[in-house]
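Next come two complexes built around subunit A: one with subunit B, the other with subunit C.
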Partner chain A sequence: MRHLANWSILGLTLLFLIGPFVIIILAGTSAGNNLAFPPEGMSMKWYLKVFTIESFRTSFALSMALAVFGTLAALVMGIPAAYALNRYDLPGAETVRTIVAAPIIVPGIIIGLALLRYMVVPLDVTVTMALFMAHTALVLPYAVRVVSSSMQNLRVDMEEAAVLLGCSRMQAFTKVVLPNIRSGVLAAFILGFVTSFNQVPVSLFLSGPGVRTLPIDMLAYMEITFDPSIAALSALLAFMSLAIVFIAERLLGFSKYV
Partner chain B sequence: MFRNTREGLALALPAAIFSTLLFILPVGILLSEAFRQGGSWSVQGYIDFFASPLNRTVFLRTLKLGVLVAGSAAIIGYAAAFCIVNLSPKARGRVFGMVVLPLMISPVARTYAWIVILGRTGIVNEAITGLGLSDTPIRLLFTETAVYLGLLQLFLPLMIISLVSAMENIPRDVIPAARVLGASWFAVFFKVILPLTKEGLVIGGTLVFTGALTAYITPAILGGSKVLMLETLLYQRVNVSNDFVSAGVIAMILIVMSFTANLLLKRIATTRS
Partner chain C sequence: MSDAFVELKNLTLSYDNSVAVPALDLAINEGELITLLGPSGCGKTTTMRAIAGLLSPTSGIIHIDGRDVTRVPANKRGIGLVFQSYALFPHLNAFENVAFGLRLQKLPDADIRSRTAEGLETVGLAGFDKRRPSEMSGGQQQRLALARSLVMRPKVLLLDEPLSNLDARLRLEMRTELQRVQKETGVTMVFVTHDQAEALALADRIVLMKAGRIEQLGTPAELYSRPRTAFAADFMGFENIFHTSGDTLVSSFGRLPVGYTAPSALLAWRPDAVTVGTGPHTGTITASSFAGGHREYVLQTPLGPLRADAPIAVAQVPIGQQISFDLPHQNARALAE
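Here is the complex of A and B:
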């Protein structure tokens, strides 16, 4: 009896959380021209049509580039910062931590607006550059936090031993520290990639004519058109995330970092 | 620990400087702008903002939806988390994975699903007209209920994750012991489970409440201009009327509310013990 109650609560919760995706996948298979459920007949035409829409292709490429390079840039700054916060007795370590974590606490839309108004407009920065920097700033807190937590598990004496045995400090870092925090770095990359790729509020004000990230482009498209292509695209994006999570889970037991 | 402070600072500074220039400085200026009026400092921007009935409605609606979503997430979250920790380790991992999974998927995609469900030709309306309960489709989109459902679906996983990790730390025998000693399930929850998991509740509650408060996508898609929330109002003020004072005021309100929620919940958690 207890068992039954348990599973019905879980079943309902999962239905609420996962059910909408099943519906969206099916809505994308419609043969009709209007978004409806149950779909009007079955076809793959909307799934194929998504790839032919020019604006989706360019915005997908932009989102991909921002997610990959923004996360890499965040890691380039974040790994040394995480290292310094863990290994040195820094005056003002708490301040550095707070400053770096700040973009998580403040709503993204405010970050985007502030950057537009005080950086893009007065300093004449291109929209693409502003988007790149904003996405980097957004991912930076995750990079520092995730890399930090995997560095905490690594004992300092291993590094000291490497130095005593003749490594330079740099070699000790690349040969001892880096291999040991590899899975943390990879987890930070995946988390940063997903965060950046799915980001809307920060990019909202920073998108210019012809320069739009994919989620912003989808929002603009659904305001004008009411066909199943957004459902198909949403389903494809869900599958992409699914694949990323699956691979990450296989590689490093990703869920413990989230 | 390494002692060379200068070296440490050199490593930490790029990230700190980048965050300051890109983030603290611009946001700081934006917030301070709401206190400027004709070249001098004033709180007139705030007075004007709250003088407008529309702004007050939006403010209260945002607060209400934040509380409702966080409250519902806590109730569902406790039930779900309790069931999850009682599963066998293998099943637990699978179910937990299914709870985490939606967090990785684009919020635009997640919110769009509700258009398919609640739209004029969506499932709910097809069912209602099909069963003959109503001749014409009912307007379900662009209502507070739609925004509420969207937000709850978006943020519920955060609550479940926080509560599961809190419940995993409850010693195995405590609950059966309380039951054997005659406590009702009601007493077990309020006297045993709640005190032992309140940290998880605080973390989950803060995440869900501030998430709902600062959500943009969900009210934009499911609420439109009929059900504005603070973020969609901010967007309108900037894009339609170029009103940066209001934008600064809304920004400040959002930040203050997020911080207050966090402090309040922390306070509750420490006074109960």
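Here is the complex of A and C:
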């Protein structure tokens, strides 16, 4: 009896986790014109149609650019920050850690509204710039945390050894510290990329006319058209995220950093 | 200006407003192997880090090879340091670890190759080029760290408790190895340790430190047989140290009249300097252990516990039995307060 209960709970959990994903994949293969499950017939036409929609192409490019450059910018700031927090007994280090973690804790909708009301509107920042800054800020906590955790195992005396062998402090960092936290940096990049790419609430506030990230564009599309292409696109994006995480896990044992 | 190779003058070192080493003076000769010996917190590692340039002195001067290097940054001093943890670079193989410093000097590739190979050879790691530090044993990592410092041809090679992470057998082996390398290369070595046996075995001279000051400086033989203070004597194995008052020994446990007038305020005996089996005093045996050539006893005496070694020829006395003993004054070491 107990056995049966255990299996039922497990089964239900898996159903709720994987079920929607399966439904989306199958809904996208529909031959009909409405988003429905079970699909009406089988065809790949919606999967192909996704690539022909102009607004998806431009918003995909924007989301890609935001995810790549926003994450890079976050790493450029986050790696030195993680280094400083790890190596030095800084006054206010705890405060910095809390502030850096804030975007994880504060609901995105609040961040989005705040950025819109107090940055974009009064400062007249362009929509693209605002999105870039917001995505950088959202990814920064992951950059600092993941890089920090890979830096924790790195002994200080390794840098001292490098210095005594002739390195400047900067060379010691690039030649000894960076190569040894490389997998942490890659893990942070991937995590940041996925976070940024899938970001909805903040982008929702900051997206302007003609400048939308892909998830926002998909929402807008669904308000007008209710065809299976949206399911097909969602499935494709899910596969992309899965592929990235899978490759990362294979290459670096990603899961030990997250 | 003296002709010492390394000279520390009036060196004061502090951490976070607390002085770790106040006004230290020390002269080290070229090609000498000197050990800084002392318990943890005595300032030996701090002194070593100051010589390396990893710690700026609060005041004082450091001369190396006739040059004032007090304000010279660590990467320009030409000093090698073998860390207690070895501090090898895990992302590089053995060859690249050793070649690291040479590459920074932008030497021609052929020179880097030959000097690195020679360095690995010197420490007995020829053929290990492609191994990562994580694929090497503790002893091999130790040798690699040594080679990495040696190929730079440092003016001074500092070693921070380099043997403390090795097991006993390997420690002995590396001790001999270090001596061999030092004789072969003629490099001036400063060896930091808390292990007096290590210091005695390796050093040309020992600097015994206590609370940031030099307690005694001398050859191993001098320190071993003629410690000047109770601290030095205790470190060198004089386990029985007593105050004196006229012809009486005094400890916190009690008094024992010995029948001769003590020549100094403190007298010390090694366990093997205590006579057991004969003598005017008696004690109770509380511990006894076989130590190969001799037997180690702990006696309960009017002065408290007394450590005494008896030759194996003396018949064994069981624990709890009374035994007679003597603290002969000709075997005692007279110490300053």
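Everything that follows uses one rule, which is that the second predicted complex is superposed on the first by the 246 of 258 C-alpha atoms of A that agree within 3 Å, B and C clash if a C-alpha of one lies under 4 Å from a C-alpha of the other, contacts with A are read in each partner's own complex, and residues count from 1 in each chain.
We adopt the following convention: a contact is a pair of C-beta atoms (placed from the backbone, for glycine too) under 8 Å apart; a residue touches a chain by one contact, two chains touch by 3 or more.
In this text, all values refer to a predicted model and were calculated from it rather than measured experimentally.
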item	value
Superposition on subunit A - do subunit B and subunit C clash or fit	fit
Touched partner set for A:83, first subunit B, second subunit C, both or neither	first
Which superposed partner A:129 touches (first subunit B, second subunit C, both, neither)	neither
In the superposition, subunit B vs subunit C on subunit A residues touched	B
Which of subunit B and subunit C A:171 touches, first, second, both or neither	second
Which of subunit B and subunit C A:42 touches, first, second, both or neither	neither
Which of subunit B and subunit C A:222 touches, first, second, both or neither	first
Which superposed partner A:100 touches (first subunit B, second subunit C, both, neither)	first
Partner chain in contact with A:31 - subunit B first, subunit C second, else both or neither	neither
First (subunit B), second (subunit C), both or neither touched by A:119	first
Smallest separation of CA atoms, subunit C relative to subunit B, angstrom	9
Interfacial residue positions of subunit B with respect to subunit A in the complex	1-5, 7-9, 11-12, 14-16, 18-20, 22-27, 29-30, 76, 79-80, 83-84, 86-87, 95-110, 112-117, 119, 121-123, 126, 152-153, 156-157, 160-161, 214, 216-217, 220-221, 231, 234-235, 238, 244, 247, 251, 254-255, 258-259
Subunit C partner contacts - residues on subunit A that touch it in the complex	155, 157-158, 160-168, 171, 175-176, 179-180, 182
Subunit C - residues contacting subunit A, complex	52-54, 74-75, 77, 79-81, 83, 85, 87-91, 100-101, 104-105, 148-149, 152
Residue ranges of subunit A touching subunit B (in the complex, touch as defined)	6-7, 9-10, 13-14, 16-18, 20-21, 23-24, 27, 34-38, 77-78, 80-81, 83-85, 87-91, 93, 95-96, 99-100, 102-103, 105-111, 113-115, 117-119, 133-134, 136-137, 140, 144, 156, 194, 197-198, 200-201, 204-205, 215, 218-219, 222, 230-231, 233-235, 237-238, 241-242, 244-245, 249, 255, 258
